[in-house]
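Heads up, the next two complexes both have chain A, just with different partners, chain B and then chain C.
Right after this comes the complex of A and B.
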């Protein structure tokens, strides 16, 4: 059988697309041959451990970092340092430190607004209220969570067609996180937006996700609709004899295994009915089948990569 | 908030929304001809993607559970919910059975245990 784990999406209108995007630092490859395809209107969750290449990818999408080879296109424009791509994007960077620490928060926001013809001042004020920002405080004096909210305001208030959010909830307390989630939901209902979120805090953003990409060591391990992942990746609990000989990996794409010798817990990619039939035919009793949350799914997909 | 989404639940979010609305109608939390929150309102309240709410409403509309009045919003359809009640019960049974199998019990053992549990003096009200 098994259908391979998809890394490409069917052809459709794309808001972001990269072709063979690669970044090397000397002999070290940060990102290799990335073919990201993000459909228009998608909420795309880019998952992967620290150092997998998420931030490097974002910097290339922004045109802030020149790829070693390959290209990136955002909202129909090729990403380049010239900057036309930036007004089409809202960006929340992973690290908030920059040269603006001395500025008062309100001045920083006004300065930032000047770069964006589409800046919506009334919306910016609404967001500032919702985030409880204090414009008179110097940006450098803000806590991590406060600075994150300023960045979110600056990313949202020009209602860009594409939002890039790098660890957007990192450093937020539970109340602020809840506010950010409510504001994101409202933003998506009000403005047509494609969102790419890079995060390892899967739980806080998976509520919005309808597409998923998994990066491992600079390469895309998987890229698909979330519904596909949810339907095809399952955990099977199997009752077997201790000396049971499982079917070959070629017949049954096993991503992870644990459990005990007589009760094995296997994470397998494929249509549930067919997988169950094959397991039963091989002499295993399938005790239960369950879906995985995104965190577990990403782990399973990444561990398969390591096994090779 | 009309209900909660359980993000550790293996059902997709739009299915959870559909199930909760069906459940709400069966238990009378929502009555026929009553309006539902708008897609935007429900998305903000649940902190989920508005597209997901739209998908749930769309499917419930196709199933005849909800209907849209142009310019006015989404409403609970005016029809007997006997079939829904039956479907909901079947779903509860399916989950129980699944859980029983997972623990190594068969349907007869489960049925007998349910009867014993219902006959406990403390549980007569629920039964």
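Right after this comes the complex of A and C.
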């Protein structure tokens, strides 16, 4: 019998840890019993559809939202008092609820720097050059992509141990996305940082990710190394008879299925060799097996009935 | 040693003082000065002739503008930043309540020199009219009274603007609601109790009106060599300043963490 889909990581040094983190609004649960474990130096992709609880989780990690129960710890400190957490954190919000639109971009960056004693002015200037920012332009006049670059600069220039990026490339044009990704890659190469990215544009961040967490309806449905996910979750194309009776799900964790009655395309969790053997034993001919990208993997994990 | 340390309150206060300057809100309060002065002089010269004896006129006419400056400034310090648009604050390494307090304190820092300039201008105009003696006779009580009046009003409106989206609407509708309540009470035929409590809130010996205008009344009595009004004013003004400060603290802590 294949092992269950993991939701915990092996013990190691963690940059972010939550224990039973729960947020309820009356009877509605936004996040339930979240045990997030993000290793130090990891690039952690937090995946999930809109409304899965990603932003709520971020708010609790930053100390902006009081959990109904459970606790959160970031870079060795608890999320309350919030200042202690936020000074160790760089944050790019999902929405452009930008600060002080009347301010010139250069002034805004200088103002922001005043809050962070660790601010690296030389690095900020380098980033500003790389982003081609125009300090004399008012922040409110910037395009969405330009504003995003300013936010990214403000999140990176104090070289925080933890970065929280909430949909960092959402709404950006391809050129702006590319710039954001390039700067992020350069930053990670130069400074040891733990990154948590909440996104539904998985393919953009896939190349960075080494850990993946999948949130569905406020619950963590999977949490593991990306390598584990891609090794264990495979798509099998099967040739079967029309009256074929598939094995029970208890024997073979089927996450997603489509295809035709004679050609089934199944996404199954488990070691490829064992899954293939079981399918063959059940009378199916395994025509091909392929790995899934993270987008497809997240979709498959969220397609499980109990995760919806 | 980690350099990721939380900035102290003094550092945040400095940032907020500078921010108010950059936002040109501080410039606004400085621009209010010539306007207020002009209005004071105009009122003195034309609008209320005979309402007061000539000597103390300019000094007395300053009170409404002092109140206006304090009250308006309390709302202006949060110009374009109602509570729903303070998401940026929640990404900074400062407790939201401390951030709010720093902003209100920064506003007070700008209000004080603006008031001092206004006072200086008032004294200058009075002296130009040949009434310098009135300034001397009024003594420091007048200026202390004005200062406390402005700070009390500033604290109250700043608390409101810290806590609610549309402070001006609250002021207008609050006034309408009170007027309606007063009318209803009067129609119900039990106005005495209402009047008693309203009077206690406004008049001597402990009311807000006395706290705001008491210093002026005392100074005016000195200028006109009349008997000073009964009742202690200074402790009452300090008490209302304390209430005003408490309101600011309460507003600053209001939903500092979303629940």
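Keep in mind that, in the parts below, the second predicted complex is superposed on the first by the 300 of 308 C-alpha atoms of A that agree within 3 Å, B and C clash if a C-alpha of one lies under 4 Å from a C-alpha of the other, contacts with A are read in each partner's own complex, and residues count from 1 in each chain.
The rule we apply is simple: a residue touches a chain if its C-beta (ideal position, glycine included) is under 8 Å from a C-beta of that chain, and two chains touch if they have at least 3 such contacts.
Every value quoted in this text rests on a predicted model; they were computed, and no experiment measured them.
Under the clash rule set out above, the superposition-derived model of chain A with chain B and chain C shows the two partners fitting side by side. When both complexes are overlaid on chain A, the residue A:166 reaches neither chain B nor chain C.
Of the two partner chains, chain C is the only one that A:65 touches; chain B does not reach it. By the document's definition of touching, of the two partners only chain B reaches A:291; chain C does not. By the document's definition of touching, of the two partners only chain B reaches A:207; chain C does not. In the superposed pair of complexes, A:227 makes contact with chain B only, with no contact to chain C. Of note, the Cα-centre angle with chain A at its vertex and chain B and chain C at its ends comes out at 140 degrees, rounded to the nearest 10. A count of residues in chain A touched by chain B and by chain C gives the higher number to C. In the superposition on chain A, A:182 makes contact with chain B only, not with chain C. Think of it this way: put the two complexes on top of each other by chain A, and the tightest Cα contact between chain B and chain C is 24 Å.
Residue overlap on chain A between the chain B contacts of one complex and the chain C contacts of the other is empty.
By the touch rule above, chain A contacts chain C in their complex via residues 59, 62-66, 75, 80-84, 86-88, 91, 93, 95, 97-103, 107, 111-112, 114-118, 158, 160-161. Those residues of chain A whose C-beta lies close enough to touch chain B in the complex are 41, 43, 178, 181-182, 184-186, 188-190, 203, 206-210, 227, 230, 237, 287-288, 290-293.
Residues of chain B touching chain A in their complex: 5, 7-8, 10-13, 39-40, 43-44, 46-52, 98, 101-102, 104.
Those residues of chain C whose C-beta lies close enough to touch chain A in the complex are 2-7, 11-12, 14-15, 18-19, 22-23, 80, 85, 87-88, 90-96, 98, 257-259.
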